[in-house]
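By letter and in written order, the chains are A, B, C and D; residue numbering begins at 1 in each of them.
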Amino acid sequence: MSSGILTSARLRLPGRLRSAYIPVLATAGLLAAMFVAGGVRYTGFASGQVVLNVFIDNAFLLVVAVGMTFVILTGGIDLSVGAVVALSTMVSASLMTDGGWPPLLVVPLVLLIGSALGLAMGCIIHYFDIQPFIVTLAGMFLARGLCYVIGTDSISITDPAYTAVAQARIALPGEMAVSVSVLIAVAVAGAAAYVLHYTRLGRNVYAIGGSEQSALLMGLPVARTKIAVYTISGFCSALGGVLFSLYTLSGYGLNALGMELDAIAAVVIGGTLLTGGSGYLAGTVLGVLVLGLIQTIISFEGTLSSWWTKIFIGLLLFAFILLQRLISARRA
Amino acid sequence: GCGSGGDTTASAGGADDGKITMGFAQVGAESGWRTANTKSIQESAKAAGIELKFSDAQQKQENQIKAIRSYIQQKVDVIAFSPVVESGWDNVLKEAQTAKIPVILTDRAVDSADTSLYKTFLGSDFVEEGRKAGKWLVEEYKDSTDTVNIVELQGTTGSAPANDRKAGFAEVIGAESKFKVIASQTGDFTRAKGKEVMEAFLKSNPDIDVLYAHNDDMGLGAIEAIEGAGKVPGKDIKIITVDAVKDGMQALADGKINFIVECSPILGPQLMDLAKKVVAGEQVPARVLTEETTFTPEQAKAALPTRPY
Amino acid sequence: MAPPAPILQMSGICKEFPGVKALSGVDFRLLPGEVHALMGENGAGKSTLIKVLTGVYDIDGGRITLNGQDVVFAGPLQAQQAGISTVYQEVNLCANLSVAENIFIGREPRRLGRIQWKRMRRRAAELLAGLDLHIDVSAPLSSYSLAVQQMVAIARAVDISARVLILDEPTSSLDSGEVEQLFRVMRRLKAEGIAILFVSHFLDQIYEISDRMTILRNGSLVGEYLTSELGQVELVGKMIGRELADLEKLEDRPPARTSEPLVQTEALGRSGAIEPFTLTVHKGEVVGLAGLLGSGRTEIARLLFGADHASTGALRIDGEPVTLRTPRLAMNRGVAFCSENRRAEGLIPDLTVRENIVLALQAMRGWHRPIPRRTQDELVDKYVAALNIRPADPEQLVRNLSGGNQQKVLLARWLILEPRLLILDEPTRGIDVGAKAEIQRLVAELSDGGMAVLFVSAELEEVLRLSHKVAVLRDRKLVAELPNDDGLTTGVIMETIASGGRA
Amino acid sequence: MTALVRHRLFWPAAVLLLLLAANVAFTPGFLSIEMKDGHLYGSLIDIFRFGAPLILVAIGMTLVIATGGIDLSVGSVVAISGALACLHISGLPDQNDVGGVLTAVGLALGLALVLGAWNGFLVAGIGIQPIIATLIIMVAGRGLAQLITDGQIVTVNSASYKLIGGGYWLTLPFSILIVLAVLALTAFLTRRLALGMLVESIGGNATASRLAGIRSRGLTVAVYAFCALCAGIAGLMISSNVSSADGNNAGLWIELDAILAVVIGGTSLMGGRFSLGGTVLGALVIQTLTTTIYSIGIPPETTLLFKALVVTVVCLVQSPAFREKVFQRRGRRRPAAPQATDDEKVEVPA
């Protein structure tokens, strides 16, 4: 199955570019293989809804990972995403529940806060020439800290409109359904892929990842692009937070703990280089699906103790990465 | 120890209406307490003849939601879970309701307005635990008029037990002005942090009378710190903790801890009983409290030999 | 005839780096429609002047006027917007992007904000065809040799319709053919009234293309001259501040040698890179490799060093068959390789000059046997002096050195190894006349001492001057092996290349 | 003076001093060190003592980062090593038996080395990106630690084991002595021998290093193994300090602190040049910050805000670009008046 995808792609793609797509194609093939293996092993696994559930359960992660893709493509990293997700849920919940604000006001405000935070971090990173790791780590502390300042308890969201959106299911043929979040996430991923491939901003992102020095000397707007990238990541995290609050209908300061690592892992599993300049958004989508599918397999397995769960996740991850690496290395 | 009692009920339940499948979504394995909780549930499920699907959410609500959703997918007979947080369960619980799968909450409650979303809640009341700790303190110092300097080792910031145990304790001691919490800091529920924070407390606060730790482990760490500073735990500084795990009980019996509020992880047998009733469509109380007590050193000495965890 | 008003005027430019005064009070002017050469030794301050002009570095003192107006650029982007298009000295492109993108990035053809990839690729191909380069423009830049990358950089700069075009050593890895193409384009632009600033260490090129030149020495202005009024010897004298005596001496070729073979290849080849070739290098012999851009010279060098793996054939060293799986194994056999791409494959920019020089030697000894500091200092001092590396401070970070000096550091790394076969791929890239003569003398001396050298250079004269025999490549195939006797000239080599060795 | 300010360790050191000063303001006796039962006792000693595991992990992390990699698995290795040692000791008939304790230490460190070598193999041998390669052990290793301890806290009662993390020797905490020994060894290996230069070279330009004949594969594996070894020792220290192994929580998030320490110390995450002294300072800054939070009594809810503030200040102060832009607002963008070209003789063509 996987080799079929690869060979057909080989026929179509022009000369050398083929090798650049191989990691993504390998990932897609392996993902499909993983799904088939799951279907063979567990009853009820091989259904369309299981796949859709992976999307429903990971819509927020997908959005966050999309933002992270931009950052990583420039060779940076954003550790603040998980905390910004939590902050967004907290701000949304407290404003709507305690403040009685309407969602139509709250959501734009939350998106604005996230973007502003990203913008600020981007500016510090660029103008003061400080490593992204440390700046975004400070951003992570800040956002998480603000959550606790708002409150240490979790807050339910009871706004009827918000609840209605959260519970709405868009029916698909075959008795399947997806949530609104999935549509948003897919739209964001599509838009991001377009931006990365078809706009100057996107190409500048790749150029900076290839070599920031060269990009500067080629007369590209390095400052603007770098700052934009962190702003996008901030925006995506805030949007991820909104989706998260739709998912759980609550806000909580300990939400999304460690999500930055999940997002980074998704991006990197998708074949993007952490050093920047190489990778595709499609890879990120696949990376998120891989992580989601691993989770699903674990819950279908159903008999693993807490520690075996972790060991099993590690093993699955290892098997996946190893195969991906071997396939890519052979074909390249 | 508790397995033998469950055996008889198991054969009864199994004979009634085939095998029950339960999906249990555990918070994680963040502490020894939690592990004991998991173990109790797994063992009593086996004993009760209930097929258990278990998943570990690694302290993440989203993972728990995913697990519950997959249980719905797998059409289990009953779902039980210990919520990571109180809020945010309405969606997935509604899905369970639509799929006609009854839900039992364990260990902590959810704050859902719609109580029809779950059948019952089995667990401890963290606020009450805090109150119990406070009451003992008030009782202990009822004859004294001097200020009582208290330091508090909190659990993980933002976590429900930490919030509630702090609130319950504050509620009780707040009534009297002689009780003063002079320092309160998180020790993340771990021994290492408990020790580290306590050492810092001891340096910056020369006269500490009482230590209130949100779990035994932090208390045990703090004891090492107190001993390191040349003071005698249990005498120079009185120590109250929550949980009553074995190591804590030992320290209590040794007089290093003065009072422990029990928070029992052994929910398994009660949970299995409830599950059977719920599946059979019987009426169950909306709230079932675990049987919990408090321990003084004497009680600890008596209870220690039979302590299962 | 009064000269037209200068389009660009720089006066009293000063620039200081920690510990180095790179420019002190330099005046410079550029007239429309001229090709102006900026001359000077390695480290004289040419690149710094260009970078100060285009806003890469902040200026410490002095002023710049463009078209009579005072300007200060905050960065290359602004300079480009003001009509100054620049090719900087090191190839500053993004190797991860395709060739077409490298040419057009920042100026992609768009419709409604959407990049038109097809159109971009087509235009890129046309543009390169104008420079007589026919390659797949959708392939990533990294899949091409440095020379191709240099051509791409030139294509990019030329296509930006600018009033001022700056080319900082654009020809350092180009063959005469490509240089001709470049000059053709430059003449056309010049006729259109564009002012061109040109830097090169090839005097022939300077005399061929430039109208006027400005000479720098040690960061200060020596003077501005009309090219037609300044002879080569005088020029060199002004650049290095003394007469270059031994330039002539190197014109006599070293005598041919016969001795036992050191390295022999038998139909060694690598699919897709170089067709199987058979070549023997004897002890103490200098073998030159000649060929056009992309003819496979670098590929041969890499195979002999184990940097790439051969897919066919056999290799013998001292008559013993060997497989070189890693460069390290080649080094153990006494083979050393100085890469043409000093930035990507040579230098460790964050390490000091000293560390970069002793790196290979240290690697050979292993981490547990450090080279005593005193030995290090002796070795480093010797080569800093011999190659005239400036600033002569071994503790300077190598990234802060000028391009030519970096190249010398790289050479020193391999020379101190005293290998039995030294493979030099474009070793004199970006090196000034004085140092070039010194390096050629060193190579000749070492080969007299019994070291074999495989010498690759885009400059055929240099190859001819040094080699005992010349291997000619074409289309990734070894087509001829010519002994360097009196009958061999650059013309003969060019003919051999053209005819594919059948003549 | 300027040479002092220019030194790359100046700014981390300045921040450390500032934090200490803040402590003195709140706790007057902060700097005092007294003798208690023949041990040195005081807040400063505590900072070193509690910072010891972090310093150790950060030293290993420094080398990994210098090769251009990163190691996320250190936290799990900390947990595993402590768990294995405690499990072995708790099974001993006599827990104070020095031979038994040494066996336990050997087992734990041996396993740590194996895990580190595995990481190195994935990175250098198979070519998996370091962050993902080490993520595998980070996730699975935590499970392994819990498997070893059965999810419970394994308590030991061994005076000999207690020495490692909680004991004293020659009036000094033994853990500090261990750190000093490891630091000295690392400094010797990297700065006296040529290891440091080769590692920096790999991180600075991997391709060039290969072509210069450096055996980067072996070195990389060794560096990851060393990092895991350091984490293993740290794990022993942490578990010995509280005489128990907590497979669930030991070493949680320590990778983040360790990386932060390395970065504060001035080593770039891109690899290349590294500074061991900077790393030690960075780790001390982090530990002092924690102590400051306890002693000033910052409530847990605002702890993170305080941390965010300090980290921001630390990185701003360390940034030359920031100091230039804020402290010395020279009008560098203003075009300066043309200077008369002086002494140099300038020839002008006729």
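Rule of thumb we're sticking to: contacts are C-beta pairs under 8 Å (C-beta built on N, C-alpha and C of every residue); 3 or more make two chains touch, one makes a residue touch a chain.
All figures in this text were calculated on a predicted structure; none of them were measured in a lab.
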{"item": "Of all other chains, the one whose Cα centre sits farthest from chain D", "value": "C"}
{"item": "Winner on C-beta contact pairs when B-D is weighed against C-D", "value": "C-D"}
{"item": "Centre distance in Å when chain B and chain D are each reduced to the mean of their C-alpha atoms", "value": "35"}
{"item": "Whole-Å gap separating chain C and chain D, where each centre is the average of the chain's CA atoms", "value": "42"}
{"item": "Whole-Å separation of chain centres (CA-atom averages), chain A against chain D", "value": "30"}
{"item": "Separation of mean Cα positions, chain C and chain B [Å, integer]", "value": "71"}
{"item": "Contacts with two or more other chains, residues of chain B listed in rising order", "value": "29, 35, 38, 157"}
{"item": "Residue list for chain A, restricted to those that touch at least two other chains", "value": "148, 152, 305-307, 309-310"}
{"item": "For chain D, residues contacting two or more additional chains", "value": "146, 151, 300-301, 303"}
{"item": "Inter-chain touch pairs (all)", "value": "A-B, A-C, A-D, B-D, C-D"}
{"item": "Residue numbers on chain D that touch chain B, as the complex places them", "value": "26-27, 29-30, 36-37, 41-43, 46, 50, 146, 150-153, 155, 166, 238, 241-244, 246, 248-250, 290-291, 293-295, 297, 299-301, 303"}
{"item": "Chain D contact footprint on chain A (complex, rising order)", "value": "124, 127-131, 133-135, 137-139, 141-142, 144-146, 148-149, 152, 261, 264-265, 268-269, 273-275, 305-315, 317-318, 321-322, 325, 329"}
{"item": "Residue numbers on chain C that touch chain A, as the complex places them", "value": "56, 75-77, 79-81, 86, 88, 92-98, 101, 105-106, 108, 110, 113-115, 136, 138-140, 143, 156"}
{"item": "Residue numbers on chain C that touch chain D, as the complex places them", "value": "11-12, 14, 24-25, 27, 58-59, 61-64, 70-72, 74, 220-226, 229, 305, 307, 326-328, 331, 337, 339, 344-351, 355, 359-360, 362-371, 413"}
{"item": "Contact footprint of chain A on chain B as seen in their complex", "value": "23, 26, 28-29, 35, 38, 42, 52-56, 58-63, 65-67, 69-71, 73-75, 85-91, 94, 111-113, 156-159, 162-163"}
